[in-house]
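Chain IDs A, B, C, D, E and F follow the sequence of writing; residue 1 opens each chain.
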Amino acid sequence: MTKLIEYEDAGDEVKAIYDDIRATRQTEYINNFWKAIANHPPTLKRTWESIKEVMASPGELDPLVRELIYIAVSVTNGCDYCISSHSAAARGKGMNDAMFGELLAIIATANTTNRLANGYQIPVDEIFKT
Amino acid sequence: MTKLIEYEDAGDEVKAIYDDIRATRQTEYINNFWKAIANHPPTLKRTWESIKEVMASPGELDPLVRELIYIAVSVTNGCDYCISSHSAAARGKGMNDAMFGELLAIIATANTTNRLANGYQIPVDEIFKT
Amino acid sequence: MTKLIEYEDAGDEVKAIYDDIRATRQTEYINNFWKAIANHPPTLKRTWESIKEVMASPGELDPLVRELIYIAVSVTNGCDYCISSHSAAARGKGMNDAMFGELLAIIATANTTNRLANGYQIPVDEIFKT
Amino acid sequence: MTKLIEYEDAGDEVKAIYDDIRATRQTEYINNFWKAIANHPPTLKRTWESIKEVMASPGELDPLVRELIYIAVSVTNGCDYCISSHSAAARGKGMNDAMFGELLAIIATANTTNRLANGYQIPVDEIFKT
Amino acid sequence: MTKLIEYEDAGDEVKAIYDDIRATRQTEYINNFWKAIANHPPTLKRTWESIKEVMASPGELDPLVRELIYIAVSVTNGCDYCISSHSAAARGKGMNDAMFGELLAIIATANTTNRLANGYQIPVDEIFKT
Amino acid sequence: MTKLIEYEDAGDEVKAIYDDIRATRQTEYINNFWKAIANHPPTLKRTWESIKEVMASPGELDPLVRELIYIAVSVTNGCDYCISSHSAAARGKGMNDAMFGELLAIIATANTTNRLANGYQIPVDEIFKT
């Protein structure tokens, strides 16, 4: 199992990212994902900056919708860690039980029709190509 | 390639579904997905009823958000047909270029962190388990 | 695109495999899959021997069932070539339209419940572990 | 972790599905999958009805073959819950150790050739398109 | 299909990235990937900076090995565009036919054993956990 | 869970493979993967012979690079067993922490761009087709 890098054991580059995670998220808690990828500081830095820009910068999609999309990918890929962490994040941003139920229903249905489209080798309609 | 079942060649069971698709979507156009799966009428019926319930019944998530989630699954699975058809549907429900760009950025980022979580074999935090 | 190796341009090692494919399948036709992987003769040899053993040796599962399983994997992975070639093989072994419809319905449903199991993070029942 | 909904804590809609599962399967046991998705009753209802129709209605494919196909999808997707539950179901319908071994050998081989077809970007033979 | 953004039609932010791609790669050619994701300039910028850092910065792994790893992911995901572009890149960095054949053989074999490990639900050896 | 076949309980065919694994790898230790697939001796034999040829025969790619490619596939597929066993193998062949960090960074980035290529439905450049 990957060693988790705690704040007090981290180098300056990693500490600076941890500080920014804490300030951005307004919590002292650093979850295991960051402590694990801190084993490779350039990956920690690049991944945190990507997440911060993609999930927290101003934009057209509201923060909860962004989390729902994240969960849709994670469930489809079967990533247990990401399902857990982003479900928690979504709940923190207002996802209730009904929303979670609807979300999983859509994910499940899309996975079904994706495979039907594969299996029947359906040609894309001309009207969808324009 | 799968034979596409046109309305005039369809049996009564398939015709009834096509009629309901047209009425529900308020368009004469039946896209190839339905014409392909109509080769197996029980699959057509079950799939349409699922899609109708999951994508069009009242609920917590608005219709555009449902389409964004659908696209997230389809892109992750690499289903070209479903990306095409649901991108068109999303645009019809208000998705603009900026939203599409943000959507793909989230999908891309989630696929990255899903693999980092796999590769580093990161244990789920206790606080995410409750 | 990968160069396809025709019989007359092949080395002796590849020719011997092509001969065995023809003899085993009782057809002169060598499909593109073999002509492509013939670019790396050890892969051609190993893959043909595996396919021959797994798909054509005596066993508990009949040849058509083996093809249905092959299609289930190929549809789930979205491999267009393999869907095409193994659907043709399955039809040659007796798959009719109704069977194909049922097959895709099962594949589609399994893909749905796989994702629901992921999303709800369902613990495996004790009775399934014994 | 998802709360599992027991019969005595369930609403009438869920209880009716549990009753039908018990009657259809002729067992008192409701496995965790249903207790988990019961958190969203429309998903429970829709999923059960799909499973019942796809896996238990009369058709061309016998019940054991249907389970083998289900396992092929679940193994390819890496869904541990579904592998466990459908392997148990398949054994209940007659799958022996030799069949299971052959099944996994086919799944493994198909996953290999799917990737070779991807990697060599093999064009689909004309004879497979008709 | 996504509109491809040509240099002369691009805004200053996109032009600056295109200039950097040209300088870094020492070629005038900008491939379609960049012209497509340029529809969302923050994604273009973030993705290019990630690729540049991950694929072209000094490190332990040589440039050709990095491309082989890239191809392994792309073949496993079935991403035709990425297989094409990174196979070209790998050839430019010294990949010959024999290397490509060995690469695909490893990818194919790993996909087989991944599924066997799933299907047999094999517990991780204690010696691998330390 | 699958029964693990120990040497002393194995039949002659399985024992011979175990002996060859030990001789080839110069270790007494047989890891669980082999003990699990030994439940189906033809699969054990075929899989071992493939692994031995693909991972250990002379060729263009050195043994460590082969392991890195194996890990790239296993991480992308989310196969926990294979990530564990091949990470151990890679470390035994010289992979250090920096290499592992770079490897995962490439895998993560490739998974991102694979999905961007899917989502933007990017046409393959003509220069990549020759």
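Everything below uses one rule, namely that a residue touches a chain if its C-beta (ideal position, glycine included) is under 8 Å from a C-beta of that chain, and two chains touch if they have at least 3 such contacts.
Here's who's who by UniProt: A, B, C, D, E, F = Carboxymuconolactone decarboxylase family protein.
Just so it is clear, the structure is predicted and the values come from calculations on it, not from any experiment.
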item	value
Starting at chain C, fewest touch steps before arriving at chain E	1
Chain pair repeating C-E, as identified from B-E, E-F or B-D when over half of the contact pairs by residue number coincide	B-E
C-alpha-based rotation, chain B on chain E, 0 to 180 degrees, nearest 5	120
Centre-of-Cα separation between chain E and chain A, whole angstrom	21
Inter-centroid spacing, chain E versus chain D (mean Cα positions, whole Å)	34
Interface hub residues of chain C, defined as touching at least two other chains	1, 39, 42-43, 46-47, 50, 54, 76-80, 84, 98, 102-105, 107-109, 111-114, 116, 118, 120-121, 129
Pairwise touch network: line, ring, star, complete, or other	complete
Contacting residues of chain E [partner chain D, same complex]	71, 75-76, 78, 80, 83-84, 103-104, 107-109, 111-116, 118-121
Residues on chain C engaged by chain E in the complex (per definition of touch)	39-40, 42-43, 46-47, 77-79
Partner chain C, residues of chain D touching it in the complex	1-2, 29, 31-33, 36-37, 39, 43, 47, 50-51, 54-55, 59-61, 65-66, 68-70, 72-74, 76-77, 79-82, 84-88, 96, 98-99, 102-103, 105-107, 109-114, 116-118, 120-125, 127-129
Chain C-facing residues of chain E, complex	78, 97-98, 100-102, 104-105, 108
Chain B contact footprint on chain D (complex, rising order)	1, 42, 46, 49-50, 53-54, 57, 129
